[in-house]
Amino acid sequence: DQNGGTGEPVAGGDFVSALYLEPLALDPHRQGYWETYRVSRNLFEGLTKEDTSGETDPTEILPSLATEWSVDDSGTVWDFTLRDDATFHDGTPFDAEALDKNVRRISDESYEFYDEKSAANLAVWFGGLISGEVVDDTHYRFTFDKPFLGFPRILAQSMATLNIGNPAVWEEYGNDGFAEHPDGTGPYTFVSRTTGDRIVLEKNEDYWGDEPNLDSLTFRIIPNNQTRLAALLSGEVDQISYVQPDDVDTLEEQGFQVPEGTGASLLYLSFNFRNPDIKDERVRQALIHGLDREKLTAEVYNGYAQPQYSFQPPGNEAYDPEARDFEYDPEKAEELLAEAGYTADKPLSFTIVIDVANQNAAEWLQAQYKEIGVETEIVSLDRTSYIARAYSDAEPTDGLTFDEYGGSYAEWLYQGYNGLTAKGLDTADFPEISAALDAALTTDDESQRIPLWQAAEKLVRENAVVIPIANLTRYYALSPDVEGFVWPATNWYDLTSVWIDG
Amino acid sequence: MTDLLSPPATAADRAESAPPALRIADLAVEFGEGDHATRVVDGVTLELHAGRTFALVGESGSGKSITASTVLGLLPRDAHVVSGSITVGGEEIAGASEARLRRYRGSHVGMIFQNPLASLDPSFRIGSQLREIIAHHRPDTRRPQQDDIALTWLENVGITDAERVLKSYPHELSGGMRQRVMIALASLSQPAVLIADEPTTALDAVIQKQILDLLQTVVKESGGALLIITHDFGVVSYVADDIAVMKDGRIVETGERRVVLQNPQHDYTRTLIAAVPGIGARFPLEAAGLPVRLGAAVEAGTDAVSPRTAVEPADAPPTLLRLDGVSREFHVGGIGTGVTRRVFRAVDDVSFDVARGEVFGLIGASGSGKSTLARVIGGLLPATGGRVEFDGVDLTAASANRVRALRPRFQFIFQDASSSLNPRIPVGEQIARPVRRFGKATGASEARATVARVLDLVGLPADYARRYPHELSGGQRQRIGIARALALEPELLILDEPTSALDVSTQATIINLLLDLREQLDLTYLFIGHNLSIIEFVCDRIGVLDAGRLVDLFPARELFSDERDQVTRTLLDAILPVE
Amino acid sequence: MVLQTAKGEALTIVRGPRARRRRSSRRIHGQLALAVALLVLIVGATLLAPWIAPHDPLAADGALKYLPVGSPDHLLGTDEQGRDILSRLLYGGQTSLLIAIAAVAASTVLGSVLALIAGFSNDNIAGVIMRTIDILFAFPVIIAAVALAAILGPGTTVVIAAIVFSATPYVARIVFAEVKLQRGKDYVEAALSLGAGFWSVLFREVLPNVAAPIFIYASGLVGIMIVFSSSLSALGIGVQPPTPDWGRMISEGAKVIISGNIVPALLPGLVVLLVALAFNWLGDGLRDVLDPHRRRIRS
Amino acid sequence: MGTLKHVLLRLVNLVPVLLIVSVLTFAIGHLTQGDPIEAQYARTHTPEQIEAIRVAYGLDLPLWEQYLRWLRSLFVEGGGLSIVQNQPVFAILWPNFLNTLILTAAGVVVCAVFGILIGTLAGTGHGRLIDRASMFIVQVGSNLSVYWFGLVLIWIFALQLQWLPVSGMYSRRGGGFGDLLLHLILPSISAALISMLVLARFTRIGIIQERQSDHFRTFRSQGIGPIRLYGRHVGRNILPPVVNIIGLEIGTLITGVVFVESVFNWPGIGTQVLNAVNGKDYPLIQGGVVLVALCYLVVNLATDVTVDVLNPRLKRT
């Protein structure tokens, strides 16, 4: 039992969680980042949700504001049955009409409160929405232009998806004003927010689902890793996210809980395809062969990470733990490099671009690549400059950048692969990958969906277009008296089942 | 304390009966330490008795000021007492703790410092500073009383608009006014011993007399004694009962004034006395066809040149400097000063010519605008009206570069020598810089030679070139200022009280030097001074300023003529005769 | 009646203050010597790093993390990547000292010159200079640093530029205040009357009078700026890895302080402190050398 | 010119200075690479989708038009909408700004009290042990990394001794002035550390110089005791430089308090601006810089005027 909890849940208590990032606007259609969702999912809900009990991996999709759903044979028309007992925090009932306003906000330009920003944000998944119709009070139908079997799981995600907000609010305060008065159907209601400091929520007494234990949730924003740690150690907060591998031992020694688990996330190295050297597949393969990921996780992450070999992260419905790309084989790597024309006199050389948080890993990598005769230089940047350089202004000498992302939905592969185009990857160079992704994305055969995604992932792997490296296995830490916390195989957690003991 | 009513006793009696008001015995003071130590006061012993005035005279730099500051334990940081005893009213205070010394300071021994300009706190109004001292010595007084006392004392020192002065900050007062405030400040507690270090150098004759009377009254009333350090033998004759002559840190001769002055024993004393200019001293020399030179220098025989009359050209010499309606106004007061803003005319429509080769004297009461006028002429202060023409060039209209090019031809010697020297640069370098700047010396060694030569001219050893200004005595600094101007061999030299800080023998040397140079190089001087004997001695013509206006202008010979203005006559009446 | 010198009379020998002063003067010279010795030692050691460093400063060994000070093979222990701290300190000095000295020198010169000019110019020029300085000042340091990093590309130059950017207005304002005090002084007027031009007055007459505070201030900046560079490192604007650098060592070491590993940040901190102290003493010493009041007349 | 006129002139001068600051900030933000949309969406969206979002945010307009829009928004729309937070910039920044002012005020108090105290101890005991000891502390202190120092303070006082809180402004069930004060102790000491020591140095030097002055000697020669000598004469004469340094330090505190805010998680404007920088949230950065710059300039102006008023000698021409 990773929570160490034995007693019965206790109602009441104020829970303080320390986030490492400032959440974005508390607007269900404009959100981004997991830290945002870890807050906002207590306010807003989707039609579906993932099972956060930790029982299932990959997580099962469960009913939320919808009680059941079905798709027609073409895979393009989705029918949802909505629950009839949910209300927004201001007391207005949730019904198909309200859902429709949510849909129109992001897709119908004729709607008075059509929101360009939300629409753009959701375009990834809702770009292909042809129509949303109210069937009756509790039934709603989505029609897409292509088969979209992953829809229910997408609906349970954090960003670029349709969580449900109270239309009355944006009708009163406008689209930009919504975030100041966030209102949804979730187990907690919004109390206050001070940017840079905290967000306070309190229990929704009229919640349709199981009553949460905790009276209030406070999310404090503590970006400084050391301060966040100190805040937990001193008891100022009950939970922190993004525990540094170096701090795990300290925490455990002092009796804090650092549950083990795997979120649906992944650290990976992206190639810069604008670098002519990198375009050579043998070079990319060599760089994967030359990397000992066991050693990396042991040394850089103190063993509090799992080596990764697949571009689909653990927790993803299409994750295959057996998948392997190119095993650690320095000789093979050197051979490949020699084949590609690099010698000791004229070694392969490039720049590793990182943001300041990944310096240790980069230095480790530099030493590792030196062993196969690759000369690297490190460019460490502040976050802004890093993003700019990594995604749009890469120098032709840049070779690798560090990234972190992932999701529990199979479609993540499509997103992740698209993300690589920002690094100069030309999808036309890998037609079979594009074809495989397309096939998986638009299949109308439910039984083929996961195998198709796995096949696409295999192609990504075989073409050596990216280097997955690790998945952090210690991400949250909790004070000893927090009970009932579960780290499911996803990037967030549920607080309704948590209680504070004593 | 001495009993005022007791009949005057003989010196010997007193020595036995009452303890002396102040007694310094075998005092030795050094600067620096170890091998580098220089002893500036060496075995000085002197005794002050109640009701008497003691004059300490001597060479500039001989250690007079240092001796005086030792009394209250106020030596500069890098100086220290090597040995000696100091008793006040019979009590030993040498080596006493600060706390103990504090009980003597001000109340038993008052001190008027040599450089009065910086001696007042620049951040407080005069009234506030005086009140603080009054309250300190008389804790029983309330503010209105303190104001009364302050006013009385300012009037005592001859300040007429005392009300205004009380409300002024120090920088708003003329040098002479500040000096008088300082005197009032030190005197108002009526200490038993009052030490006055050259208290009247910046003052005109009228005020000088008034001050001296005042100082004597103060010590008379408190039954104390006055120690006055001075270069002016007129002052000595006027006030001193006893006298000591210092040279090189030692007292070379001491005794009752009359005895010492009339029958000097020591060579140096004799040289000193010979160098004292008396009023009208010039005319017998001229009559006798002797070169017009002061005292000892004459005996030493400057191999100077023919008698002065010989140089005087027959026809009128060309005009070098012409002033035409020159005025200078200052804005005073305004927001934040507490005084209403108004325009103050320090120099008011002054016109005169100075011929090439002439010595033009400028006199007037303290604060009459002499320095301001000099600064306008020297191009340091723009005139607010009128024209200043130098050798035909209108300085008020000429471009900055033009004026700069003319700089070496007219030079300025500042009234306050100390502050006109850069504290961070060795004095030799300060002399050498302009010399090199204007190509008067080409190489470094030539410049060094020039420096050595001008230092020698003003009577300072060549190795003083390496000293910094603070390492020199007041008179020595003054001489550096003169040397610096002379090194440029200017045609016109503006001298703002150049010798008031000097002892008479050094003064004589400088005056004679100036006279020699004038003859050799055909220099022209604008000479500002308070000492009328000196002015009469060196000047060809004299102008008198009063409240910024030129009220009188006459040849030096006619100084005592009946036609003199009332202002001039008041000044003349106040001259202190030398015995 | 005045007595002639009467030797042997109740003489009070005054000794106290003198003895103290002598000691303090010797202390000053000792301090200056110590400063120079320390700097020679530190600079020498960093320059000789390739020969005297016991390990490769980059050689990481995951098995040897956080070895304590005094470990047999790693005298000063190892850092969070198992690298030898002593070797990193030795190599790190090369960059850190270069950055700090170059940046401080540049900002001191720039700031002082601006302040001197502003102090002796007419109100308009002075206004423009001082308002420009205000602008630099008013700009939050990090924004400036990030912008500089974006413009110049990462690396040592950015650190130097950022330091110059943040220190120059500071120096300028402090020197300006000093210069303003000198403006009304008679010696300036005297120099003008002796034909000195604008620049000559500024640099040859006024500068020596403000040099002491400038020296003190600049010497104090050296340590502060190495430390400041560590803050920049924490933001990712700094010396590029793997180059060891004291600032980066401090900022990386700071990542483990709360978990109780104080040494990796403490050691570079101490070295910086030592350097800073040496520069402080040097500055004070120079001040004393410059101060004519402390000079002894050579006779 | 008179003082009053001078103040007015300086106030008028603020306008161009602020305008330049705003142009600079704007230029720096927009001319350097990267933008907020990329920062947020690059890993999940295709370039076309990202471009669409940029258009939605008006980031495709010509620069000058964006600038003018923003300038206008400063006056009518509370600084425009933060791209990341989607709220009016000043609505976000104002509470943070007040928090920074609280921290700055506390820092200034610490700086002034301890700076002057240490400087006075050292200056009056010039050349003695107390002088050397204080100056040693000053030298050590001013060369500590604020970042490092702050964490060590936390480690000692919050974790080991558990006397003081680690972070933020209020405790869990916070509130109350006493709670705020407790939270202020460590951050204000860290924030004031260097300023305090700079002030100590200047105070010391000022005292030493004043002690050598002729007017000090004058009042000493009148038997005035050390309390009055230092309290009144020395104190008044070193006041202008001390005020000057304090003003300067207030300025640096406001513009440079970000590291302290980060360590103690003080919800101030520095962290906010840093966050904005990391997310390249231009409107927020610009709003923050303008606010901070305005504040700095006002403090600066106030300092200059105070120093001028304190100087009886000052007559402007």
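Labels for the chains are A, B, C and D, by order of writing; each one numbers its residues from 1.
Criterion: contacts are C-beta pairs under 8 Å (C-beta built on N, C-alpha and C of every residue); 3 or more make two chains touch, one makes a residue touch a chain.
Each chain and its UniProt protein: B = Nickel import system ATP-binding protein NikD; C, D = Peptide/nickel transport system permease protein.
Worth saying up front: this structure is predicted, and the values here are computed from it rather than measured.
Each of A-D and B-D has its own count of C-beta contacts, and the greater count is at A-D. Mean C-alpha positions place subunit A and subunit D at a centre distance of 38 Å. Subunit B and subunit D have Cα centroids lying 51 Å from one another. Put simply, the C-alpha centre of subunit C and that of subunit D have 22 angstrom between them. Spacing of subunit A relative to subunit B, judged by their CA centroids, is 88 angstrom. Touching two or more other chains at once are residues 77 of subunit B.
Across the assembly, subunit C contributes 21, 146, 150, 234-235, 254, 257-258, 260, 293 as residues in contact with two or more other chains.
Of all residues in subunit D, those touching 2 or more other chains are 32-34, 151, 154-155, 159, 212, 277, 313, listed in ascending order.
Which chains touch which is summed up as A-C, A-D, B-C, B-D, C-D. Across the complex, subunit D is touched by residues 14, 16, 22, 24-25, 27, 30, 32-33, 116-117, 119-121, 123-124, 127, 159-160, 176, 179-180, 194-198, 218, 220-224, 226-228, 230-231, 233-234, 236, 382-385, 387-393, 403, 405, 415-416, 418-419, 421-422 of subunit A. Looking at the complex, you find that subunit D touches subunit C at residues 13, 16-17, 20-21, 24-25, 28-29, 32-34, 127-128, 139-140, 142-148, 151-152, 154-155, 159, 194, 198, 201, 205, 212, 241, 244, 248, 251-252, 255-256, 258-259, 270, 273-274, 277, 285, 288-289, 292-294, 296-297, 300, 313, 316-317. Within the complex, the subunit C residues that touch subunit B are 1-7, 9-14, 16-18, 21-22, 25, 185-187, 189-197, 200, 204-205, 208-209, 211, 290, 292-299.
Residues 11-12, 14-15, 25-26, 31-34, 36, 38, 43-47, 49, 54, 77-78, 80-86, 92, 94-95, 242, 244, 251, 254-255, 378-380, 404, 407-408, 411-412, 414, 416, 419-426, 433-434, 437-438, 463, 466-471, 481, 484, 488 of subunit B are the ones touching subunit C in the complex. Interface residues of subunit C, counted against subunit A in their complex, comprise 58-60, 62, 80-82, 146, 149-150, 154, 233-238, 240-242, 252, 254-261.
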